[in-house]
Amino acid sequence: MKKTWVSYPYILWMIIFTIVPLLLVLYYSFTKTEDGSVVFTLENFRRVLEPTYLKVLWRSVVLAFISTVVCFIVGYPVAMILAGKDMSDKSILVLLLVVPMWMNFLLRTYAWMTLLDRKGVINSILGAIGLPQVHLLYTDFAVILGMVYNFLPFMVLPIYSVLRKIDRSLIEAAEDLGSDSITVFRKVIFPLSLPGVVSGITMVFMPAVTTFIISKLLGGSQYMLIGNLIEDQFMRVYDWNFGSAISIIMMVLILLSMGIMTKYDKEGAGGGLF
Amino acid sequence: MKALKRIYLIIIFVFLYAPVLTLIVFSFNDSKSRGHWGGFTLKWYGQLFKDRQVMSSLYNTIIIALLSALVATIAGTAAAVGIHSMKKVLKSFVMNLTYLPVVNPDIVTGISLMILFVFIKLDLGFTTLLLAHITFNIPYVVLSVLPKLKQLNKHMYEAALDLGAKPLYAFFRVILPEIMPGVVTGFLLAFTLSLDDFIISFFTTGSGVSTLSITIYSMARLGVSPKINALSALMFIVVLVLLLIVNKRSATNGRNEAPLINI
Amino acid sequence: MKKRITAFTLLLLAVAVTLSACGSPGSDSGEKTEKVTLNVFNWGDYIDETVIEDFEAKYPHIKVVYETYTTNEDMYVKIKTGGSDYDVAFPSDYMIKRMIDEGLLKEINMDNIPNYKYIGDQFKNLSYDPENKYSVPYLWGTVGILYNKTMVTEPVDSWKILWDEKYAKQIIMSDSERDSIGVALKMLGYSMNSKSIEELEEAKQKLIEQKPLVLAYAVDEAKDMMIAESAALAVVWSGDALIAMNENENLAYAIPKEGSNYWFDSMVIPHTCKHKEEAELFINFLCEPEMSLKNVNYIGYATPNIETMKLLDPDKITNSTAYPTAEQLANCEIFEYPGDEINKVYNRIWTEIKAH
């Protein structure tokens, strides 16, 4: 079926709307406007390397990393439990897992504001049973919680997907050979689930590093993460050159880490969402 | 052990649902307070429907999602068909091109598109929003349809041609039905992504054209807004009902295929 | 195959129902006949929505699409990139000056604004638009400290209280560059329009020191937070303070003795405007005493409209939060645009403070 030409409109579209914009970003990052004319400069990139901004980058990476780890620790057992269930319960449970994910992302983040506020639901409950109030909203904790909440399904689903496909007979064989469940897990299940894990980590880490809404709403605008920095430069400060430079650096970092990740997933066995 | 598993799952589900359910409960709260109950009322729902910004952004969101998903599905399916018959080098180039918007952080896609539109002096508004949504949707359709094409029996198409069918007829009658699950998944995926998108829409819209996510964001930044709670309650019910219906239908279908949420 | 079609049909049905319910508001794809869409770009929570309805009732051929922003800087970028065709905007003093200098505003034909006569003379010929060619005053006010009398035991008369460790995590600062940097400058005894890099760096240091004490940087959210008593002190605009005080009697507003900012927001027509006549109709409409009265009662700020003031409740005029005394205004300054170079310094400093 030699129908390659059918995809040419698509290729054209992608070039116009994906490649060209990125080239423009690159262009902006290497230039600045001085007295009305555009000059080539490395100033923007130099600025990104200033300690203030490196700190922002670091903070984003750390928060995203913590969130990813928490998602993994919390989510892996969920995937395992779901994968191990028999047919009748399973689809309903998976459905229930997915429903919150279908709620709007903004709403899910806003929901936590209601719970975590100093005068919100959690503190009300604590107050009612006589426990002291806790300061939750507008802290690191709130931001991480927001990230974990929003991205947990993205960790669970790929792992679940891969776990489900594991050939039961492999597990049975291991058990027949005398392994206890912990060894079965360590030597058979976990290694086989790795593609799903990698997929999950990727799908959590990437949005976590680049988000700006969670830090703005749940962090009280105090936490400037890379996403906030970029948004700020483009929408408030109007320094598109600097903003572009930051974006390029961030994009390169992400693509690099993705590249490393996919080395683990050569055959594309990673359980994506489809 | 079983009990432990059960408890753990319950905790997780409580964690997942508590915020949403809290929002829903408080949508009936007469007081604007986030922690205290002031009495039962339906006034926030009334205000929600009267709010022209919310209504118009709801309209925009659905239209954009439908249109962009449709266009993306058609373009994406065609693209997948084309890519499937490509030679190694071209194929790998195009696949990388396809992966780019998927892998790229939303914020970079958003600002790059904004820069593009400003550069070609295209006013930010409904058109640019639509273009942006189509752009990030097509790759997902391609990625949904391609696996199905790979699973296809190559010889069916040739057999159809041998039997005298014209290529287009053969495509619609032979190939399309086989890849249909992928096409539909792609469409639904595109539709969902479009509905839920915030960051890319945020940067590529203007002139008062708002999507639901953007409106919620503006409302959230104004302070406590129980209208948002009312909106959440309604959305939750719609989503739940839709998912239940779709899932039920696919499960009880004689063909014994796994539920739509086939993960 | 069948189930997919069913799912699809259900989806389309749901959509069709929603659409007919909404009656397709939003884009002007529906009625083509002469309906003009007026794009109004304003601060959040800065108009009584019924005023818009009244306007549309009076001029049925105009449909108002209303969008909001949270700070002058946000508005500036959107208008500068030219990507959106806003017809009316409401910038503050210094921003108006900047936009005039950069050619971002269209001159308003004052003949089309007969209601301009209601604006008090003290609000005309201000430094940012000396010939009154580009702006029509909308509302004015001050910046001050909104505080909870039950949570703050000492008198609130100086900006220094916002640096008091006693109130750690009970302080809300303004998420607006000029406002917060201005507060720090005033506290140090400098002008809010300082162009000295040393003074600005000092202000930056102070704001960085303050960061651990700050609960959040907020603009519009601050008033709900104060009403709910989530914090003890907040830097707010006078109108927000009034609204908050109405909802919670424990709140009070003070303008510190070092002085503060006193600002004017005016209606302007950006260069992107596509419907100038309708824009001028809108501006004129908002100057009608009754309309202005509705707005003032809803949002709380002070009006520059003399006729409206006559219609106000007497206790509103004597309310010093909305209408400060000359004594309170003594040390207050109007923001000025410091010029592109120094503006970049302000931007950089604010970014560094937030990034810290």
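Residue numbering begins at 1 within each chain, and the chains themselves are lettered A, B and C in the order written.
Criterion: a contact is a pair of C-beta atoms (placed from the backbone, for glycine too) under 8 Å apart; a residue touches a chain by one contact, two chains touch by 3 or more.
Note that the coordinates shown come from a computational prediction; the quantities given were computed from them, not determined experimentally.
Common partners of chain A and chain C, by the touch rule above, are B. Between the chain pairs B-C and A-B, more C-beta pairs are in contact across A-B.
Note: centroid distance chain B to chain C, computed from Cα atoms, is 35 Å.
Once the centre of each chain is set as its mean CA position, chain A and chain B turn out to be 17 Å apart. Listed for chain B are residues 33-35, 114, 221, each touching two or more other chains.
Multi-chain contact residues of chain A, defined as those touching 2 or more other chains: 117, 119, 234. The residues of chain C that reach two or more other chains are 78, 228, listed in rising order.
Touching chain B in their complex are the following residues of chain C: 1-4, 6-8, 10-11, 14-15, 18-19, 22, 24-27, 39, 44-45, 65-68, 70, 78, 81-86, 219-225, 227-228.
The touching residues of chain C, counted against chain A in their complex, run 71, 73-74, 76-78, 80, 169, 175, 177, 211, 214-218, 228-231, 344, 347, 351-352, 354-356. Looking at the complex, you find that chain A touches chain C at residues 52-53, 55-56, 117-119, 135, 138, 220-222, 224, 228-229, 232-239. Residues 1-11, 13-15, 17-22, 24-25, 28, 74, 77-78, 81-82, 91, 93-100, 102-108, 110-115, 117, 119-121, 123-124, 149, 152, 157, 160-161, 164, 206-207, 209-210, 212-213, 217, 227, 230-231, 234, 240, 243-244, 247, 250-251, 254-255, 258, 271-274 of chain A are the ones touching chain B in the complex. The touching residues of chain B, counted against chain C in their complex, run 32-35, 52-53, 55-60, 62-63, 66, 114, 117-118, 121-126, 128, 177, 180-181, 184, 191, 206-210, 218, 221-224, 238, 242, 245-246, 249-250, 253, 260.
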